[in-house]
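Quick one: this structure, given as structure tokens, is what I'll be asking you about.
Chain naming follows the written order as A, B, C and D, and within any one chain the residues start at number 1.
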Amino acid sequence: MSEGKSIIMDTSRCTACRGCQIACKQWNGLPGTKTKQTGTYQNPPDMSYQTFKVVRFAEGKADNGKPYWYFFSDMCRHCLNPGCMEGNKKNEIIQDPATGAVIHTPATKKLDYNTVLAGCPYDIPRQDPKTKELKKCTMCLDRMRDNKIPACVKTCPTGALVFGEREEILKIVEERVAKLKQTHPKAKALNPDDVRVIFIVTDDPDRYHKFAEA
Amino acid sequence: MTNHWIDIRHSDCILIMGSNAAENHPISFKWVTRAKEKGAKLISVDPRFTRTSSKADFYAPLRSGTDIAFLGGMINYILENQKYYRDYLVTHTNAPYLVNEGFGFDDGLFSGYDSASRKYDKATWAMQTDEAGVVKKDASLDDPRCVLQLLRQHYSRYTLELVSSITGTPVEDLRTVYEMFSSTGGPEKAGTIMYALGWTQHTVGTQIIRTMAIIQLLLGNIGVCGGGVNALRGEPNVQGSTDMCVLYHILPGYLRAPWADAPDLKSYIAQVTPKTKEPNSANWWQNYSKYIVSLLKSWYGEAATPENDFCYQHVPKLDTGQNRSIMNFFDDMYAGKIKGFICLAQNPACHVPNANKTRAALAKLDWLVHANIFDNETASFWHGPGVDSKKVKTEVFLLPSAAFMEKDGSLTNSGRWVHWRYKASVPPGDGMPIGDMLYRLVNKLKALYKKEGGAYPAPILDLSWEYGDGKGNLDAMSVAKAVNGYFLKDVSAGGKDFKKGQNVPSFAMLRDDGSTSAGNWLYTGMVTPDGKNLAQRRGKSDPTGLGLYPEWSWCWPVNRRVLYNRASVDAQGQPINPNKPLLTWTGDKWVGDVPDGAWPPLADQEKTMRAFIMKPHGVASIFGPGLAEGPFPEHYEPVEGPLAQNPMSGQRINPVVKLFKDPIDVYAPADPRFPVVCTTYTATEHWCSGAISRWMPWLTEAMPQVYLEMSHELAEQKGIKNGDKVRIASARGQLDAVAMVTVRLRPFKVQGQEVHQVGMTFNYGWRHPKDAGDSANLLTPTVGDANTMAPEYKAFMVSVSKA
Amino acid sequence: MSAALTPDQAASQVDQALDRLQTRTPALAQVVSAFRGLLRVQAEIKAGLPALDRPLPAPGDAGRGPGRPLAGVADFLAVEDLDLPQHLSQALGRILPELERGFPALAPVAEAIRSALTAGTLALAATLDALLGGDRARLEALAAQAGVDAPGLEFALLQAAKPFLERRAQALAGRLAKGEHGGNCPLCGSLPELSYIQGTAGQRWLRCSLCATHWRSSRTACPVCGNEEQAKMGFFFVEGQENQRVDHCSVCGKYLVGLDLRGQDQDPVWATAGLGMIHLDLLAQQKGFSPAAALPWNRLV
Amino acid sequence: MSKITRREFMAATGMLAGGLALSSLGVPLGAVQAYAGELSKAERVKMAQTFISTCDFCSVSCGLLISSDAKTKKVINIEGDPEHPINEGALCAKGASIFQESTNNPDRLKKVLYRAPYSTKWETKTWDWALDTIAKRIKAVRDKDFMTTNAKGQVVNRLESIAHIGSSKMDNEECWLVSAMLRSLGLVNIDHQARV
């Protein structure tokens, strides 16, 4: 299945400048939430119905005893056959035929949140406590319909986020992983055949984020 | 910087130490990445594993305040393993110079130290000279009194084991860093250093940079593409504000401020003008008199005449060696000796060390004038935490200022490139550019003194001040032209004729007979004789292909993009590294970057000049007697460090550093009450004291509150979990913050014992946002570098406990 | 460039673009229908052309130096894989009915051209050479000889030749030097028809009004006269349609319509892009500015 | 533009074809003219200008293009300057936030504020009052404490009871003016961010 759009999130190029996190807020008109310092650079702490993208900071001790510090610009994977759709009653969660973007429509307020969440291997959907609607990244479907690229990709200064036809994106993923493997044997793409948003990592996926890989 | 931002891409090995480019100069990291894509290696040396370290090829930790030990070990490594570039040393440095027999070093002190006055008598640090006064040299570099041998002797004490036990850096890491960087020794490769406040903010700050300069000279990395000693300056126009010398000890163009023991211009010029007997030495500072007279003419115009020493008496004189830097006059302010304080676009209540003292000092003022674009902790000190406004007598004037995009003017970046910036918008409400405030204020002072007279009115009345646009506002372009300087009478120079009132095209044409003016000789040439402002240029040509962009903006001096570039060619004037031809001699002229002077290459014994034209003898100083604490950098512990003794010598701290005596200026070295080393730094999401960035909502969303980074080991010891509220206390003050327990900070093994290190941001202040926390400078000590008095924010002692 | 389209694909691409344009700005419906036929046919003709890639002679003085276009008229028209006069007459044959349908006032000109063609009194190659070389006298003489009103002949012949000129320019584009050029097309020397901003760096590109070549130009200088004084330049846009704008310059009195393509996924259909902004042309001309290059759809005031 | 010889292209399209106005080709323009008129009346046509500048945060001096409304002068957009050789159009997250340093940030200081001794609040004042008062304050202290000679009797002509700091957030011309003003007043307590 190589039609529709795809995005690369190449963690090896990300410097955690957090431009994507802020561009997503601005484009979707999401408010700057009141946050606290909880002992991490990562803020806001997690996704919510008001935060569709969070740059995750993960640190630990590498095999050579030196620290490592990985940055993971987390977002919905827009799966080819989305697990969250198992929670559908009629078609509250749809898949845009042209781009493949998975959209939680306002009708999701009728769904059982836990069933939908259970279907998602990446822990993405969040619920608005007041309206009960499920909210998440839309791959900027409105921008794509106006043949624009997603806001987060547009603002990324280092080329860590790339957008395009799925065919071309899969080729770029292959080239980048091959090059990275020369210096980082563990380099790999996460679930490239099941998801449209393909993360590239250079170490064990769970060192980046618990739900990095399905 | 000796080089510039784009030049970093030419480097084969980049050392980022004493700075954090990926977080604090993010776009400079683009050029580091370009260098890495061509195979360059990036080394990150920092007490903490930062975002820069996460992108480095090699990371090594070190304890705050031990940079000279770390770099001293590298000098020793370079010398022992013959990594140095011999011809470069012999040709361009004072390595072959023979030093007087009287010079020596014993147990941490150089010869000539007077412990009473805590100063050196530098007589014994002189060179051996022949009868004609020319320095004796040994080009074979073997004579035991030659500088290279003295250097070898001095740094032979910096063994890998001793350095490791001081810095806490594992021996293996030291060896790897030394090998990686010293591989750039010689002509084929170039290594560069990117440093910032991590180096300058120590009591040995200047000497840390001196140590790196020696390394760069040993490896032949100065004056070449991808080399140099490059400071990543923090503020947008800190280079310009330093050039214009808003500093007590220098006048615009780095001309030393006059001292009381130079009663007239002649004695001042004699005091400051360097002399040399060395052949082929341009000794550019011999032109000192032309620059000071041209400066006085730019200030006092017609009133400055040869008869009245060009108004030399109008300029205030310091007592010989008097130091009026910020910590000194805040000390006077705290003692009630300062009545008025003018503070423009700066937030001392947050960034001067020992904030409790600073904030108490502000309350002793009669009046405070503050101009800024947002309110901050300084302007509102009178209603700060724990302050009873009704008891504070200080009058405060808070003047709303225009931001940078609301006025015309120029700015100089770290790479000495001067950019003209255009007014794109208007300030809100009654906001006004600071330039306009100054323009109006001086006009009012002139009127007052003309009407009422007063103490010595002449300097105010004689000051040239016709910088208006005819409608009562400041015309920035007229100031830029005055800074460039004018011919004050018709003259022919450099084979051309110039009319009175035309701008001078180059500082080589400035005179000391009063026929030229120049507000800052370094900027002469920025405005052409026909009035064109070269800082506005946007030419994209790059004929050498080395990223010099000679037609983009203008850079001082005379648009030379890499300083000391004559060191990049051999005696015939051919580039020592052919694939980075910064400069080439074509037989009758130089091609490439603007050369450091048009003289032919060294082969032409008769007419040539040595590369280091700003140094009296034309060579760079491996042996540098100019600084206060010694011709060779020596490791001393921070004034408030963890160790009772300095493992290197009997001298625990810098022997010439100034200590403040007031009870509030307490220091607690090796004090069990404060066992943890602390350093301060900025976060990417904030900027300096946060006086601007803390007013931007989604920057505070990403970085909401002050935090303390600490190791897991220390956290366990104190029973602290990640996210807990902790209290950090020093001998001077305390502050609560959120604990960030991380693997990116680890305890150091120092002299066999475990020393803990923590770090925190200084970006916060009580004024805004409400719960963000206050300034880290409540903790920092009032002590500064022995030469510059840059405060020692980067290494002091604290205690950490659950709040 | 996207993979080569067949003539039908090219024509339907123009149709879809014009439909989208019409739904987004209904007021342009009549102008769109006037140009639809012409633009469809030109797209078909261009898609059907061979490579036209006969190399230019070694760059003589004419082809070098700033502001000097790469191609002289003769070299531009010299191709091996096409009989130009025959192609022009076929192209005219397909263009003329579209002109009659879209532009009623041109019916007599179309008629005159058809009869001149059958009578063999219209020297197509010579007329095109005179037109491109800017030789007014010769053009008027050839028009008179063919018994066709000169402005009408020039308009029709230029529209017929446009597909050829664009396809030929495509083949020669590889010879252009990288980096920035001034206001004139580096290939044929003509003035731009529109500008656009593209790429994360936000660089400005210009599109040639004659041969459709794209070249990079400074964002802070007037694309037509090169003026760099910011205060003498400006731009305007319609609130809500921020990705369309007009840049104007009071030094040369010219304006240029422009698109902000940053964040766009694909290029627009270039042939129809200018047509979608003629309300901006009108606003600019009402403010006293004149277009950088005269185009069929921008003489409005 | 350089002289183009006859054998090269002129702006061919500007020659005769320009003579055929759309209306003269029989294309009805009423709808377009009405639409343009409507846009102008509804003031949806925004006139603006773009100015060259550099970022006011760190000392890399990334190039900026600042666009502001031609009438209200309010900043409507700030982006990286694609032609600037150092940043080539790119900006870091802070540079991209500098829009909030403009008048679009409601917290920008707008009034001249004065706090009287022992007062608990700010009062609003005029510029003239403020600058007149400041000039008087400076003159009063200077006339009283001006030192012609030091303890050793050497001529010094200096004033030690007023101090100044600031600033590397000011332009070169402003820094030069303040340097000249302070020396003419005889100040020696002079410093700024370069040292801290």
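Throughout what follows, contacts are C-beta pairs under 8 Å (C-beta built on N, C-alpha and C of every residue); 3 or more make two chains touch, one makes a residue touch a chain.
Every value quoted in this text rests on a predicted model; they were computed, and no experiment measured them.
Identification of common neighbours of subunit A and subunit C yields B, D.
The busiest chain interface, judged by C-beta pairs in contact, is B-D. Distance between subunit B and subunit D, defined via averaged C-alpha coordinates, is recorded as 26 Å. Centre-to-centre separation between subunit A and subunit B, using Cα means, comes to 43 Å. Mean C-alpha positions place subunit A and subunit D at a centre distance of 39 Å. Note: centroid distance subunit B to subunit C, computed from Cα atoms, is 56 Å.
Counting only residues that touch two or more partner chains, subunit B has 26, 30, 422, 538, 540, 684-685, 697-698. Within subunit A, contacts with two or more other chains are made by residues 17-18, 22, 157.
In subunit D, the positions touching at least two other chains are 49-52, 67, 83, 88, 90-93.
The touch graph of these protein chains is complete, with an edge between every pair of chains. Residues of subunit C touching subunit B in their complex: 179-180, 218, 220, 228, 230. Interface residues of subunit B, counted against subunit A in their complex, comprise 22, 26, 29-30, 33, 49, 51, 53-55, 59, 684-685, 697-698, 701-707, 722-724, 737-744, 746. Note for the complex: subunit A touches subunit B at residues 15-18, 21-22, 25, 32-41, 43-44, 59-61, 66-71, 157-158.
Contact residues of subunit B toward subunit C in the complex are 422, 538, 540. Interface of subunit D with subunit A (complex): residues 90-93, 96.
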